[in-house]
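In the two complexes that follow, chain A is the common piece, with chain B as its partner first and chain C second.
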Partner chain A sequence: MSNDVFEQVKEIVSPYCKNKEALESATADTSFLEDLAINSARLVDIVIDFEDEFDIEVSDEEADKIRTIGDAVTVINAKT
Partner chain B sequence: MNKQNERVVITGMGVVAPNGNGLEDFEQALRNGVSGIKHHAHLAESNFACQVGGIPQHIDELKHDYLTDEALMAMNEAMIFGAIAAIDCWRDAGLAEPGDEPDWDTGAIIGTGISGLDTIGQKIIPLTDAGKVKRLGSTMVEQVMASASSANIGGLLALGGQVTTNSSACTTGTEAIANGYHSIQTGRVKRMLVGGTEGASKYSWAGFDAMRVLARGYNDNPEQASRPMSASAVGFVPGSGAGLLMLESLSSAQARGARIYAEVIGVDVNCGGQRNGGSTTFPNPTGVQRCIQTALKHAGIKGTEVDLINGHLTATMADPYEVANWQQALACDPADFPKINSTKSLIGHALGAAGGLECIASVLQLSHGFVHGSLNCEDLHPDLQPYADSVVHKTQASDAQILAKASFGFGDVNACAIFKKFNP
Partner chain C sequence: MKLPKKQRWPLAVQKAIAFMCLPVLYFLVVLWMKYIQNYRIKDIKSIRRRFKDIVQQNGTGLLICPNHLTYIDSLLLAWAFASLGSYMANFRTFCWNLPNARNVQESLLYRVICYLGKCILIDEDPQKAKQTMHKAAYLLHHGQYVMIFPEGRRSKTGRVDTENYVYGVGKLHMDSHLTEVLCVYLRGEHQQSASKMPAKGERFNVNMQLQTIDNEQQGRRAMRTAANQIITTLEQMEDHYFATANDQAG
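On to the complex of A and B.
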């Protein structure tokens, strides 16, 4: 698993984060909703940003399973 | 007999206008006759006949002082104008920064004429027609619902009273003030944040251009384009921005030692029913006169007590009819007609935000003792010659006590608010 992807995911979710400190110290287990205090409606926009950044397509079913930064990295790595 | 009759005062204001952002800049622009009307290349590119308009400046830099990147991702232009004005108004009223608990004593009525058309035109229609609905993301609904701005402001300020949006075309902003007045006067709430916000989308302005109601022939002289009361008025100049006022019960304002700009002593809102010469686009004169007279009656004053009029006065052929309606409603001779000006001569016609912006101009004049000059009417319309002494061309000092403001809109709808210098 690439550390680059992890850092890119952090960068993509940054503007959506209400808890910037949690993002600074984020690990693969850091959750988008609870830890980063991202508005749940915005997960849709974050997935669109992943698709654009990595030139991939993420199905609704796959998107529904993304809860942590690690989940996102796993989905992205499987497609790139 | 359960009428509470709370007195209603203005304790804060916030403004984002084409000729100045913030109360200080806006007041200086009014005093100095600074026009906010400019030529806009994007209107020329779309072949508008009227390529001039009033658009608030420097918002792209200013917005970051007020709003987080996270908030801005879900905000279109009208929402940004409204949010900046709302935050400024809140602070100007001396209220505490919003915390974790809603302020159950404050509501908001934030009007708009045409909501979110930039979002609809730039995103929803092209992406939907291209079969890319999924790519619209999560932020479309909150930007195009009619209540987009009021909902956004309710969250920014943690408002706990009624938070809603009104819409009655160009009457909207003044109607919001009338509606907020009633909520406070009847004792239902302590404070209402009221007024209007309107974006500058070319998609909003295109329909007016096609109607041939916008100013033509001034693309090379934008500052001369908005000509209310002029013989050479050829249509209005589209404008945009936000003007919001904090209405508050006098008892609440006094209990917290708030600064009071002025008192709202009477309001009325009505419709001419599109009868007796009225139509969607032209007012029934009886409706206009009844609206003004009902507001005066509500205020308990005679027409002759009005010192100043801030007219609707858009710079169409309707201006002379408006002045005649004022004269009939106030029941005074043209020679005794109050001083009158048009804020639109400086900022254009901001549609749903016009009433809010112009009520702020009105309250600033009353509270700070001046009347701003009305630009571009040196060649007064011949039908207005009997009122020539009342038309204010250059800013002057004033000891006016009572100002009447009216707004009129498509649908033959009317709103009038009477402001009075505050005397405890």
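On to the complex of A and C.
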């Protein structure tokens, strides 16, 4: 897993994250909703931020599968 | 816009049964609200005139987006918008509603009332929820009126939730291919924060604003933009409500 992408993903989700401690110690398996306590409605904003930051397009099907930081990194790496 | 036959038919059957049961349902619900709960809609005649004007100007479906403070907001608005006679004459204006399945699943009575009240339930399962939204878009596309609460839940603060709202309304608007939505601000005079039920004897204010959604974006960005515009309008209507209420108090 690209460490740069992992760190960038953490940075992007940080403003939406209610559990900052969990974000500090996040791993690839850290889930956005349960572990980071991100509001599910904000996942759309996060995916849009990924698209802007990495200049990629994420389909609805791909977005639906993004549950953890690792899922996000996998999708981003596949497109960059 | 297409919907599989096995989803289209149940909607048609529900609509027919709801039409036949509407006189009894409307009578009982209004009886309960008006004479048992002693609720009143302020200036109901002008609200109904305005709604009638909107219906007459609008030959297409209409997405109705109210703020959300109590469990019975959609009942209050159904009462406020039109009389039983108007609904019987133009049944498409009796709104379809999209309540959360979790809120009604426990009670058979609630489920029956929801069915007769033209509700299609939104399930927790994302795939099932998508199907429901697709049905709602289909209904809008075929001239029906659909009510959805853009905040996605009752506001915990008692004010329009501009932070945690969901973008489902934006998706519905996009899929319906309609340009206008009807934003509605409903508030009881004594309603401070969200509650299950309004207080007995409550007096309700209803304001409506037709809004054209200005959106040149695509996909989830368009969805977000549309939802933002609707929430912003509701927030402005709320500001206007409190400014007017303060002026009257001062």
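By our rule, the second predicted complex is superposed on the first by the 80 of 80 C-alpha atoms of A that agree within 3 Å, B and C clash if a C-alpha of one lies under 4 Å from a C-alpha of the other, contacts with A are read in each partner's own complex, and residues count from 1 in each chain.
Criterion: contacts are C-beta pairs under 8 Å (C-beta built on N, C-alpha and C of every residue); 3 or more make two chains touch, one makes a residue touch a chain.
Owing to the predicted nature of the structure, the values given are computational and were not obtained by experimental measurement.
Applying the stated contact rule after C-alpha superposition, one finds that A:I48 touches each of chain B and chain C.
With both structures placed on the common chain, the touch criterion links A:K65 to neither chain B nor chain C.
When both complexes are overlaid on chain A, the residue A:P15 reaches chain B alone and has no touch with chain C. Residues 39, 41, 44-45, 48 of chain A lie at the contact with chain B in one complex and at the contact with chain C in the other.
Residues 39-41, 44-45, 47-48, 60, 63-64 of chain A are the ones touching chain C in the complex. In the complex of the two chains, the chain A residues touching chain B come out as 15-18, 39, 41-45, 48. Considering their complex, residues 126, 152, 164-167, 219-221, 223-224 of chain C touch chain A. Taken in their complex, chain B has these residues touching chain A: 69-70, 73, 134-135, 137-139.
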